[in-house]
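What follows is a pair of complexes built around subunit A, which joins subunit B in one and subunit C in the other.
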Partner chain A sequence: MTTMRDRLIFAAQLAFTLLVAAFLIVPAVLSMTAGVTVNYFRGIESGVTLQWVIEVWQLYSDTIFRSFLIAIATLGVTLIAGVPAAYALHLRNDRLSRTIEEIITLPLAIPGLAIALALLLTYGGFGDFRRSWLFILVGHVIFTLPFMVRSVLAVFGASDIKTLDEGAASLGALPWRRFRDVIVPNARPGILAGSLMVVTLSLGEFNLTWMLHTPLTKTLPVGLADSYASMRLEVASAYTLVFFVMIVPLLVAMQIFAERGGGPLGLRR
Partner chain B sequence: MSKKAFIGFCFAPLGVLVLAFFMLPVARLVVMGASGDLGWRAYAAILLDARYRTTLINTVSLAAATTAATLVIATVSGLFLQRYRFPGRPFLVAMLTFPLAFPGVVVGFMIILLAGRQGLIGDLTLRLFGSKEVLAYSLQGLFLGYLYFSIPRVILTIMAAVEKLDPSLEDAARALGAGPWRVVRDVILPALTPALIASGAIAFATAMGAFGTAFTLATDIDVLPMQIYTEFTLSANIAMAAALSVGLGLVTWAILALARSYGGASVAAAG
Partner chain C sequence: MILQDSRNTSGHGVAVRIENCAKTFADGTQALGPVTLDVARGETLVLLGPSGCGKTTLLRIIAGLETPDAGGRVLFNKTDVTRVPIERRNVGMVFQSYALFPNMTVAENIGYGLKIRGVAEAERNARIAELVELTGIEGLERRRIDQLSGGQRQRVALARAVAVRPSVLLLDEPLTALDAALRERLRGELNRLLRALGITAVYVTHDQSEAMVLGDRIVVMRKGAIAQVGTPRDVYFAPASRFVAEFVGAANIVEAAYETGSLRLPGGTIPIAPPPAMHDGQANGRVVAMIRPESIKLVPAASCALCGLVESVNFIGDKQKASIAGAAEKSLTVDLPNTVAIKVGDRVGLAIEPGEIRLLPGDLA
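Presenting the complex of A and B:
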């Protein structure tokens, strides 16, 4: 009797979970097939084609390159600003450092739209800066910095970095050398996890970017929104397909990393 | 260089960036919110002016509905996936977490493909009932979109929390004669509460502040982020847009801070 009931419970839960998975996956599959279908309304029988992908490349390849440029630059800046700061935060570990951590984490809690508006109101008047991709870079850095800092901090917290640092100091190593030769190598898992996160988030960032972009500084997600509003479904789908192809390897890398215990931050965004 | 100086040196790049491109702009945003005809009363108008209040209530209700639905769905599936081992399980988990990296705009497009004018649901309802059901470009569409956005995140959190549960507590409850439903209610759910609070807060804050999904689905959905956007671009009412942004930021920050004081987990919202 109990086993019968157990089996029923299992089947009901499985059916429910399959339904949830279908809700998530079916539209993604529809989008991927639509991107390579000659005519979406007539279905896949109308033939398979790469013409939409080629059209996307002709129309939007600049947004793809710009998104990569911004993502790499964001990574560079968050590494330079984030890794030393995480080290300093870990060493100090007092009220001031906790306040600083609190402040740099704020951009996670505040909607991107508000941050973008704040940036526009403050720096919108600086024409050259406002018109360049650097304006978007600034937004992405503020938004992704907490992920880098926390990811590195998590590794420091799990390893005995203070003892290592003091050991190196007692051997006469100067602060800069200790940072380069002891701290950074030990923080590597956190730096790697943080980097994957930063690049993934930057490539997909829309809320800030939509407000900060100009017609000449469109990024991939901005172009996507553009194509959803004004292009035929096949082109929009092909563009989305290009985005999937870019983002999925990063996601897989993050997942593998999280499974190997790459920091508590993991994918919890 | 002394140790203290080196620590200061380490803070310097981050300090400059955060000061110049976050703290200063946010301070400016707060002041800007009071620069309109209403002055500082603009902040009160978010609650007192019927138009803004309606939007606020809409947004909070939508976020609450999304959060409740996400938590129920993710708890059922998360418990199931962590408790049973069966062929195809890793694949199912991968399918459920695949949309994790989708930005809000892409989620909006997924909802259009699912429930839009040429969507799957419309197609099916047309064939089955003879009338086309189009949900995408309304509050229902936004609800589906936020559900789509939040389910993968919350499932991951719940699965991690279920993994840490002590199975012997459930065995004890069962040995004492509790049925499966009572075990869930009295043993499993209380133990999952911190994870539910933490991930629920993220889902709520995300649904409050997400812009991309609403932007893709329609510009006339009456939620706070869309209102900020239209106040800023169409009405050029920059002061009110700033005040609403500050209000929205305060609400999402407060929700996450509250959840953190309960759950202690690292929570973050984005969308």
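Presenting the complex of A and C:
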């Protein structure tokens, strides 16, 4: 009797989950199929083609490479700046460090457009910088840094990193050596989680980038908006398809990497 | 500047002097009043006190993890190290949480300090093997830290701290995280190890039996100040204050009138060796005395000079603890052999050797 009821409950839960998943996934699938349909308005009977994908590649391949370049550079900067910053903030843990932590987190609450506007007002006059992809990089770093700092701080908080640091110091290790030998390896779960977020956020970032880009420094999401606005629906859809094909394997690879290298603190995800 | 050559195998450490060290934290809390203390070369000094008494702060000042307030100095063999950071003091430290590196194996943990000092791999491995044997953790060298039990971690932490042949070994409640039986066993092992190494050691604990077993001398601390310094026997038999008497071991504290050679209590009188001098506040003849539960003997009630009624008896196995009412203002706790047959309500006589009664300064709560 109980098993029967359990099965019914399970079936109902499964059905509900599948329904929700379908609600979220179907639009994405429809959009991607539109990208390989000869004529979207006549439906899939009109035939299947890679014509639109090729067209997207010819028109927008530079935006794809630029997006990856910016994402990797953003990751590099947030790693170099964010991990030592988290270490310093955690060790100090005083009023000043908490204030700095709040300031670093602030961009999460400020609309991307406002940050972009502030950057334009301040640095817009530096022509070469304004025109280069580095200008977008700055925006992305401001936007993603809190995610790196926060996830590393979370791991520091959970693993009593301060005592580990003192332990290494008592054995004669200077700060840099402690950072390399003890802090970074034990912060790895946080660093990996932070990296995953930084890369995905940077690849998908639109708000800031839309304000900061020039016709020569378009990124993938900006190009996508561009194609939605000015191209056939099939081209825009093909663009979505390209985006998915590029980002999904990347995300899966990073997830696997994060799980394998989850670190020794029992914080494996 | 590393204070002692790490390859000096004969090293028994340095003499440590703490001079006028106080510590006030940024939020204004004074964790430690000005304290002056000497630790002899090769001595094990135990800092004993309840939590918040400043013992860990004092240890951290010796380690170099805290800087004393202006005017305080820390000297290792007469060299001022007050401004020398911990990484250059050549101390060995065992933390309460052990602070073992989860990203390294047991062997890598033990060898880390040697690696930092640039000791060649062959020599390093030999030293690791030596310490693995000394601390009895053979076979665990390749294990990760999360694969070790609490007792094993404690040994690894100790091995890692002594691997570098430190000038002074600092232990911050290293047995607190373990269960009672293991704690007792490791206490014995730790004692043998400290004697074998003959190294200067400062050991922080709130457990008085740990302090008794391990300390050459004990520093009893209270509210950021030193309440008494002495050998375990001094501290136990001749406590300087009521606080020390009650914190170190069990104690009956009685207030009584002193009358030519004896103390007058509600249940009678007991002879007492004349005090060399009355403490302040005792001129009126009122004294505060300490009597350890094991120094009170039962005698037949018929001829008792000090008498009372048995209020409770607790059989503990190796002994029994009785509470006797009516003899003093408060009930007296008495340790009895487990063979003595008494029951609640019995009238008993109490005898105490005059030398076993210790007068205390009366003004300390």
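The working rule: the second predicted complex is superposed on the first by the 225 of 269 C-alpha atoms of A that agree within 3 Å, B and C clash if a C-alpha of one lies under 4 Å from a C-alpha of the other, contacts with A are read in each partner's own complex, and residues count from 1 in each chain.
Just so it is clear, contacts are C-beta pairs under 8 Å (C-beta built on N, C-alpha and C of every residue); 3 or more make two chains touch, one makes a residue touch a chain.
Because the structure is predicted, anything quoted here is derived from the model rather than measured.
Novice: Taking the superposition on A as described, I'd like to know which of subunit B and subunit C A:251 touches: first, second, both or neither.
Specialist: first
Novice: Which holds for A:193: it touches subunit B only (first), subunit C only (second), both, or neither?
Specialist: Neither partner.
Novice: Scan A:121 for contacts with subunit B and subunit C and give back first, second, both or neither.
Specialist: first
Novice: Is A:164 in contact with subunit B, with subunit C, with both, or with neither (first, second, both, neither)?
Specialist: Second partner only.
Novice: So in the superposed three-chain picture, is A:56 touching just subunit B, just subunit C, both, or none of them (first/second/both/neither)?
Specialist: Neither partner.
Novice: Give one of first, second, both or neither to describe whether A:182 is in contact with subunit B, with subunit C, with both, or with none.
Specialist: Second partner only.
Novice: Scan A:94 for contacts with subunit B and subunit C and give back first, second, both or neither.
Specialist: A:94 sits against subunit C, while subunit B stays out of touch.
Novice: With the two structures laid over each other on chain A, which partner does A:174 touch: subunit B (first), subunit C (second), both, or neither?
Specialist: It touches subunit B and subunit C both.
Novice: So which positions on subunit A get touched by both subunit B and subunit C?
Specialist: In subunit A, positions 169, 174, 264-266 sit in both the subunit B and subunit C interfaces.
Novice: Mind pulling up the subunit A residues that touch subunit C in the complex?
Specialist: That would be residues 94, 159-160, 163-164, 166-174, 177, 181-182, 185-186, 188, 263-266 of subunit A.
Novice: Under the touch definition given earlier, write down the residues of subunit C that touch subunit A in their complex.
Specialist: Touch list, subunit C to subunit A: 2, 26, 63, 65, 85-88, 90-93, 95, 97, 99-103, 112-113, 116-117, 144-146, 160-161, 164, 170.
Novice: For a test of understanding, state which residues of subunit B touch subunit A in their complex under the given definition.
Specialist: By the definition above, subunit B touches subunit A via 1, 3, 6-11, 13-15, 17-18, 21-26, 28-29, 32, 73, 76-77, 79-81, 84, 86, 92, 95-106, 108-114, 118, 120, 147-148, 151-153, 156-157, 180, 202, 205, 208-212, 215-216, 225, 228-229, 232, 238, 241-242, 245-246, 248-249, 252-253, 256-257, 265-271.
Novice: Contact residues on subunit A for subunit B in the complex?
Specialist: 5, 9-10, 13-14, 16-18, 20-21, 23-28, 30-31, 34, 40-41, 77, 80-82, 84-85, 87-88, 91-92, 100, 103-115, 117-119, 121-123, 138, 141-143, 145-146, 149-150, 169, 174-176, 179, 200-201, 204-207, 210, 221, 224-225, 228-229, 233, 236-237, 240, 243, 247-248, 250-251, 255, 264-269
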